[in-house]
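Below, each structure is written out as structure tokens.
Consider the two complexes below, in which chain A is the common component and chain B and chain C are the respective partners.
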Partner chain A sequence: MVNRKVAKVLTFRYKILAGIFLLLAAGLVLLPKYEKHEGIKPEELLSNAISPERYISTDELANKIINQDPSFIMIDVRNENEFNKYSIPNSINIPLKKLLDEDAIGYLNQNQYDVIFISNDHFYADQAWVLCNRLDYKNLRVLKGGINNWYLTIINPTKPTENMPAEDFELYSFRKSASMFFGVVYPEQLKIEKKPEVKKVTPKKVIPIKKKKKMPVEGGC
Partner chain B sequence: MKELEKTKRISIASVLFILVVLIGLLTYKRPKHMYAVNSKTTLENITTENYLISLNEIENSDVILIDIRNQYEFEKGHLNNALNMYAPEILNEENTGILEELKSTNKTIIMYGNTPEEVVVPFMILHQLGYQNLKIATIKNSYSQNKLITQNIVVEKSEADINAFISESIKKAALQPKPTPKVIKTPKKIIPIKKKKKMPVEGGC
Partner chain C sequence: MGPLIPNGVIPYEWNNIIAIIIGIVFGFVLEASGFSSSRKLAGVFYGYDFAVLKVFFTAALVSLIGILYMDYLGYINMEQLYVHPTYLWGAIIGGVIMGVGFVSAGFCPGTSLCAVAIGKIDAIVYVIGIMVGIFIFSELYTVFQPLYEGYFYGNITLMDSFGINRYWFVFVFTIIAILAFVISDLIRKRRKKIFY
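Up next is the complex of A and B:
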């Protein structure tokens, strides 16, 4: 009796098995949900983001550009208008909106160069950094302070006052020469060039020779 | 009988298979934090939505404030009714609990730090984890005589026209030489020639 019942169920055995596998296959449909979970873990992203190493200072960047360091590329994430107004020489414009477009990936997802993100301050650049870091792109940096800080430190450095330490003066002279590299001209720079000309113009100075005062002849005794 | 033996094997195998699948599913540890938004959508959201809020708007509305600076700075001075969540600890259990609770109340969460830039990282991470109603306060906090001073600032504002500055500097430098010859001309000083005072010839003794 039992055997017969079992046998009856067992006639459907392949159908039951097929049903179970179909159910499991249906589970695969749910998997694309995990596509959202692309990239590195949020915890890892956070710890990467907190490390101050991801910033590069304007001085370091200027130094790299002047020394023609070939190991990095600069990505300017501001919009085209602002980029056309002023950009750091040799930087590449990828507006934040187009950051994940296919043409941009070639620049961002590679191991060859350091990528330095640039924006006006580092607000947009940081956003770009977080997005790219999540996708596990390597060697990403952010220009600290962005173009505004670039202006304040490199293009128009403030002169240190007398009571500041010697390092500040060294830094200032570096920044000043860097700013000359990027096209700023200082009045004294021209003066040095003009000096030979100036010499020609200078009228011959007549040095008055003091004549000895002739002492009036005094009578002898 | 042979047929039955065969089915026995098949059923044992399939039961084992299903057991393995079940065990696998049950022991699968869900990661604590899961992204709810993928990168492309995040990018779209941050470039289209307005997630910035100024100081005046904060004061006028019923919101939750989160201070992402460290505890020391938080205790030194913070905005009224703000919660402290130090940025590197934003994903720990305590903070996640608080955030989940806030998420269910559906209130706007406003994050602030010393500068808006500091908030970008925690904001971006929480946004990608699926927290909605997040905003960044565009304020700058500084201290003057131990008092917290909060100012509105504009994010990503270009502060200087660098090209103009450079061309100005070139112009200035070009203008500079002009006055120099003038300066050189000036040295012609008129030196009054002192006339010799003729001393009266003194007679001898």
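Up next is the complex of A and C:
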């Protein structure tokens, strides 16, 4: 037997349950609201910021482009004028002020490709990097030194002096060949090109004609 | 923290196993509470049994309020939850067809499978009907395609389309639910009792 008092309460069970429902729903309305932190957490942003994956060097980028690595896209965050003057081949122009436009999201918010941000120095690219990181976009990287460094290292590499270590010479030869890939022509390259134009002068065979020795006059017939 | 699987708290591989377990429990509860009877289900439309209305309305409310509290307390991230995409006219017409099927046969697709499991012949006929319907739809897909894929509004919620505060919406929704329960009870009391 159920206790009579309990049974009495239980006759109201639906009303009680309805009351609880209303209370809970009203609680949601009455709860103090707070601004929710959107995007990734600060700790996560920090760990991304200090990660060695954040920057890509110009040499690595050049290497990727030359080897036709399909795994990345380059986003140029400079304005259109600068982009039209010079840009790394195949890079996509999304000026920083248009970074959050809907057209840009397709390029930035995807898991398929690495996104490499490029600006003149890496200052604006870094800002784009932070913004996109906060939005929890994946696989973001920044070109270290930006276009300026690209120009200094890849397009116009400085020739190492003779007292520098061998690695520098190797690096220089890589950069030089990379710059040739991107269309820089070197004077010695011109010379090399000229060479085949020079006709091989086939040396004329000089056939020595033996002069008949004059027979010494022999006396007497 | 949540949702558990997308955030890696539970490994992704457990997805299907958990789904099967939940499905078994859901089917068991449906059957145990008499939802495999077409008479009980059709009772909503004839006014002698409102269990379906009460159960599903309550379930929606419990999950709604529960998720909002968990979101508020930071246990779950509501942005990550799946919102079913809205194809307006497809949903309306599909809803009408489903409603007609519900009245005439006394099952919804879930409960029909539940009833097949306990061997109800009408449910078996109903499931065969579903299969025939699926077959016709697939064969005539090119005809239905513009309707099926048209009128797409994206993954919107009522809060988005009406632009109201979600907490107030839930509160109003709760009141509507309780009113619906009270009214349905009044209707049921007026009806002659039917034993089934």
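The rule is simple: the second predicted complex is superposed on the first by the 161 of 221 C-alpha atoms of A that agree within 3 Å, B and C clash if a C-alpha of one lies under 4 Å from a C-alpha of the other, contacts with A are read in each partner's own complex, and residues count from 1 in each chain.
The rule is simple: a residue touches a chain if its C-beta (ideal position, glycine included) is under 8 Å from a C-beta of that chain, and two chains touch if they have at least 3 such contacts.
Just so you know, these numbers come straight off a predicted model, no measurement behind them.
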item: Chain B versus chain C as contact partner of A:123, first or second or both or neither; value: first
item: Chain A: partner with more touched residues, chain B or chain C; value: B
item: Contacts of A:8 with chain B and chain C, given as first, second, both or neither; value: neither
item: Contacts of A:24 with chain B and chain C, given as first, second, both or neither; value: both
item: Doubly contacted residues of chain A, that is, touched by chain B and again by chain C; value: 24
item: Residue numbers on chain A that touch chain C, as the complex places them; value: 14, 18, 21-22, 24-26, 28-29, 31
item: Chain C residues touching chain A - in the complex, by the definition given at the top; value: 61, 65, 68-69, 72, 167-168, 170-171, 173-175, 177-178, 181
item: Chain B residues touching chain A - in the complex, by the definition given at the top; value: 7, 10-11, 14, 18, 21, 31-40, 42-43, 46-47, 87-88, 90-91, 116-117, 120-122, 124-125, 128-129, 155-163, 165-166, 169-170, 172-174, 176-177, 180-181, 184-185, 187-188, 191, 196, 198-199, 201-205
item: Of all residues in chain A, those that touch chain B in their complex; value: 10, 13, 17, 20, 24, 35-39, 41-43, 45-47, 49-50, 78, 82, 85-86, 96-97, 99-100, 119-124, 126-127, 130-131, 134-135, 147-148, 150-152, 155-156, 182-187, 189-191, 194, 198, 201-203, 205, 208, 213-214, 216-221
